[in-house]
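Same chain, two partners: subunit A is paired with subunit B first, then with subunit C.
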Partner chain A sequence: MSTASSSEAVERRLYNALWWAKVQSAGPLEVEPDTPAVAGLTRAASPDGSTVWLVPTLPSGAGHPVLEELGAPPVAVEQPNETARVLSICVACCWTDRSGPAWPGSVGTLAQIRSVYAGMRGRPEQSSDLTLIIGSLRRLHATHWLLWNEKAGEVRLGPRVITWTAADEATLRDLCRHLPDPPPAVLSSEPPPPEEPESDPLPAEVADE
Partner chain B sequence: MDATLLDAEAEAAVLRVYRQVFAVLAREAGAMIVDPDLLDVDQAILDAFAESGSDGLTVEQATLACRAYPHDLIVRRFDVLRQYGAITKLVDRPNELRHRAAFAPYVMLMFLRRMSVQGGQAELHQLLTLEAHSVSDPGATEDDGLASTQRLTKVFRLLGNELAILVSTSTTAQLRENAQLAWGNERLIEQAEKVHRIVLERWPTLHRACTSLRMALAAYADAVQLAAGRLVERAGTTRALGLLPIETWLTFTRSSEPDVLAGVLDGLLFDAAAPDFSPQTMVEAVETGRRTGTARMAPPRPTEDVVAPESAAATDREELRAEAERVLAGRPSVDVVEVVDQAGDWITARRVLAELTAAHLHDELDYELVWSDGMRIDPNAGTPWATEGVFRRVTR
Partner chain C sequence: MSEQQHVLFDPLLQDLSDRARDEVLAAFSAVQYAAHPVAEVQLAGLRDVTLRRHVARMLKLIGRTLVHVDGTHWTAGYADDIAATLTAQGWQPLSVVDRAVLVLVLVHSVAIPAAKGS
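Right, the complex of A and B next:
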C-alpha cells in the first residue's frame, strides 16, 4: 500500500517535472482540456473550452522586479515602449467587461487597434503606424502576451494576462479609461457561429445528434 | 586548462597574502613570486624534504621527487628557499650536497594558506586569547601589558583603516569580497575589550596606551558599521542573498556543467525568459506616447473657489480710502494740526499720519498731503509739536 502510494508520488513528481521543463523552455503551453492538473501551473481555459493554457504561477514578489533589485538586465525586447503601448491598446480593445478578469476577454480587430493608436497619439493615422503596430503585435504574440491572428487581423489577450493581480487590473482599468474608446469590432470570422443557433434554435438539437 | 575564474580568484588571494609577507625577502633573494604555482612548488619541495627522513636531500633528489614540476623551476625555487634559510646544508661545509629543511617555513606556508582562506579572523581570535592569557599571568610585568596593548592597538588600527579605505574607495563588489574583515567583529571587539580591562585593572598607569586601544577599537567598529551600511544599501530591500555579488551567480551559471545547473533548478518553477510588461510600464509608455501628440491639453483649473478672493492690494486700497474719508469727514480738505489734535496722543496720531501718507502716495487714490512751513507748539495738546499742513482731495 505504502509502496504503491510512494511510487505514485514519484510518478506524480516526474509528471510535474516534465511539464515544468516544458514551460520553462517554451513559456505558456496550450494543451488538451483533459490533461491532468500540474502543480504550480495555472490553467486558463480558452473561450471555446477546446484547449487549456498552462501558465507558470510564481509566488508574489518572485517576478521581474527581482531582476531590477539585483541590477540584472531584464529580457530585452525591441522597441519596448512601442510594444507596451500596443499591449495597452489591446487590453483596452479586448477587455470589454472590465468588472471581470481580463482573461479570456473578447476578440479585437486590427482596425480597432489602429483607431485607438491614432487617438492616443492625438493625430490622424500615419502610414508608419501600421508597421509599428504589426511589429509590436508579432513580438507580443511570440511571448504569449497576445494571441495575434495575422491572417484574420484579429487579436486576443494572451494567457500571460492571467498572472495579473487585482492591483494590476485596477491600474489597467484606469489606463483603459484614459485611452480613447475603441470603435465597435467588425469581426470577419466570429459572426457565423452565433448566427447558426439564433437562426434555427429548434433544429440545433437535431443537428447535435 | 579548465581553470575557472573562481579558482584563479582563490589563487590570487593566496598569492596576495604570500606576497605581502615575503615580498621583501623574495626581492632580496632575486625571485619575486609572480605565479601562484610557485607556492605549490615550494610546498612540493618542503613535502619532499619531509618524506626524505634524516638523511636530507640533494638538489637532484629534490627535483626528482618533484618531477611533476619543470626542472628549472624546482632548481630556482630551491635556490630561493636556500637563500632565505628555509633550506640549509645538512652540515655547513664547502662541498656538502645534502640539505635539510627548517620546519618554520612550512608552518608559515600552512599559516598563510589558512589565513588566506579565513581572512585571518580565526588567527586574530587566537591572538586575542593569547594576549588575555599573557596579561593575566601572575608573572606578567607592566612592560608586558604595555606591549600587549600596543600590539592590539596596531592590529585594530590596521584592520579599521583597511576596512575604512575599502568602504570609501572600492566598488560594492570589492567590498563584498573583502567583507570577511567585518564578520564576527563583535566577538573580536569584546575580546579586545577584555584584554583592555585586565590591563587597565592591573596597571592603571597604562591608561594612555589603553585610551589609544579604545580609540582603535571604536574606529574599527565605525568602519564595520559603514561597510555593513553600504552592503545592506546595495543588497536590496528584501534579498541579501548571503551578500554574494551578482557576478558570482553569473560566473556560476556560466562555468557550471548542465548537471550542476539542473540540480540547482530542481524543484524550482520559473517562467521561460520573456519580456515583462508590468502595468506600471504600460501606463508610463502610454503617457510618454501621448505627449508626442499635437492636441494640447488645457492646463488644470481650480474647480472650487470660482469667485476669486479680492487681492490684498485691493483690500489695502479700500481701507486707506475709508480712513481718508473718515479724516476728511465730507470736507474737501482738512488741517493736519487738527487731525493730530483729534487723535489725542502721538502714538495714535502717528498711525493716522502714516495712513494719510500712504493714501497720498497710493497711485489709485486721489488724496494729497501738503506740508507748509509753520509749526504749532502747544504744551497742553496731546502732541505739543505739530507741523502745519493740509490733507485734501485732488481731482485728476
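Right, the complex of A and C next:
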C-alpha cells in the first residue's frame, strides 16, 4: 500500500470514529445533506430534504436485544410500560401509509394521542393521563424515537425508526391494527390543503370515515 | 432494511467463525450497552484474549476503548485521542442543566471526599 493511500485510510478511520463518538454522546445528529457518508451510520433524510439525520446501526447479533440473553440489563427507562404505550400510539398516528416505511411518516397531534390512549385504556380520559403522556413524549423525544414539538402539540416519528427492519415493521403494522383508529389530525402549523382531487388513491380506512 | 452487511464492522468480522462472531458481538454489546461493567468470566468474548482483541478493534472503529474495572470486569469508554480531538473542536452534547448536575455529582462524590482526605 502506498503512503498516500494508507494515510488516507487512517484519516477515513479517524473521520468515522469521530462521528461515531458524536452520535454516541449526543444521539442521532441532524446534519447538512452534503456531509460525507460515515461508515455504519444510516442516513435518514428529513421530510423536506433540507437536512439528514445520521443514525448508528449495528450488525445483526449486536446491540440492546443481546443484553437480555446475557442477563446484563441496559440502563433502565423510566416508566417503561407507559413510554412503550405512547410510542406505539404515536406509530399508529404518524405512520399513516403503512404500505411504505415508517420514516419519515406524517405529523400527528396531541389530541390524536390522547384519544387513542383513552380508547386503548377503554375509558374516558382521566386528568393524570396527560401527565403520563407528556412525560413519555419528552422521554421519547430525548432519545430520538420521536420528534415532539411541545409548543405546537405535534409529533413526528424520530430518526431512530429508520433502523426498524421489515420484520419490526410487520410486527408494528399488526400492533397498529389492534389500536383504536386515531381521529383525523388537525394541525396548527400548516393547515391542510383545501381540496386535492388529484391526490394519490386513498387508503381504505380513510374512505370509511 | 437488510442488516446482513455492515460496512464498518464486516471487514473485522468476516474471517471469524459464526460462533466466534457471535461471542465477539455479544461481548461488544455488553460492554457498550449494559448498565454496569460486565464480568470477564461471563463472556467468552472477554475471557478469550484473541476474541477480546476483536472486541477492542470494533470499539476502536467507533472511537471507544475497553476499560478494565477491578481486574475482573470490563466496560467501554471513549478513547483518549477521540475525546481530546472532540473537546478541542468544542464538542459539547450536554445541555447546561445536565452539565450543572454533573458538576454537583463530582463535587459530592469526588471533591468533598478528597478534601476530607478520604
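The working rule: the second predicted complex is superposed on the first by the 190 of 209 C-alpha atoms of A that agree within 3 Å, B and C clash if a C-alpha of one lies under 4 Å from a C-alpha of the other, contacts with A are read in each partner's own complex, and residues count from 1 in each chain.
Keep in mind that, in the parts below, a contact is a pair of C-beta atoms (placed from the backbone, for glycine too) under 8 Å apart; a residue touches a chain by one contact, two chains touch by 3 or more.
Source: prediction; values computed, not measured.
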Item to complete: Once the two structures are overlaid on subunit A, check if subunit B and subunit C clash or fit side by side.
Response: clash
Practice prompt. Would you check which partner chain A:96 touches, where first means subunit B only, second means subunit C only, and both and neither mean what they say?
Written response: neither
Discussion item. Output check: A:40 vs subunit B and subunit C. Expected answer is one of first, second, both, neither. What do you get?
Written reply: both
Practice prompt. State whether A:149 touches subunit B only (first), subunit C only (second), both chains, or neither.
Written response: neither
Discussion item. Quick one: is A:106 in contact with subunit B, with subunit C, with both, or with neither? Answer first, second, both or neither.
Written reply: neither
Worksheet item: Which partner, once the models are overlaid, touches more of subunit A's residues, subunit C or subunit B?
Response: B
Discussion item. With both complexes overlaid on chain A, does A:60 touch subunit B (first), subunit C (second), both or neither?
Written reply: second
Discussion item. For A:77 in the superposed arrangement: first (subunit B), second (subunit C), both or neither?
Written reply: first
Practice prompt. Pick one for A:25: touches subunit B only (first), subunit C only (second), both, or neither.
Written response: both
Discussion item. Per the contact definition in the header, classify A:172: touching subunit B only (first), subunit C only (second), both, or neither.
Written reply: first
Item to complete: Tell me which region of subunit B runs into subunit C after superposition, given the options 38-46, 128-136, 164-172 or 236-244.
Response: 236-244
Item to complete: Please identify the positions on subunit A that touch both subunit B and subunit C, taking each partner from its own complex.
Response: 17, 20, 24-27, 40, 57-58, 61, 63-64, 66, 69-70, 72, 74-76, 164
Worksheet item: For the complex, which residues does subunit A have touching subunit B?
Response: 17, 20, 23-27, 40-41, 56-58, 61, 63-66, 69-72, 74-77, 80-85, 87-88, 91, 120-123, 139, 143-145, 160, 164, 168, 171-172, 174-175, 178-179
Practice prompt. Report the residues of subunit B in contact with subunit A in the complex, numbered from low to high.
Written response: 236-239, 241, 246, 265-266, 269-286, 288-290, 292-295
Worksheet item: Which positions of subunit C touch subunit A when the two form their complex?
Response: 1-4, 6-10, 13, 21-22, 25-26, 28-30, 33-36, 38, 42-43, 60-64, 78-79, 82-83, 85-86, 91, 93
Item to complete: Spell out the residues on subunit A that touch subunit C in their complex, using ranges where they run on.
Response: 13-14, 16-18, 20-22, 24-27, 39-40, 42, 57-64, 66-67, 69-70, 72-76, 162-166
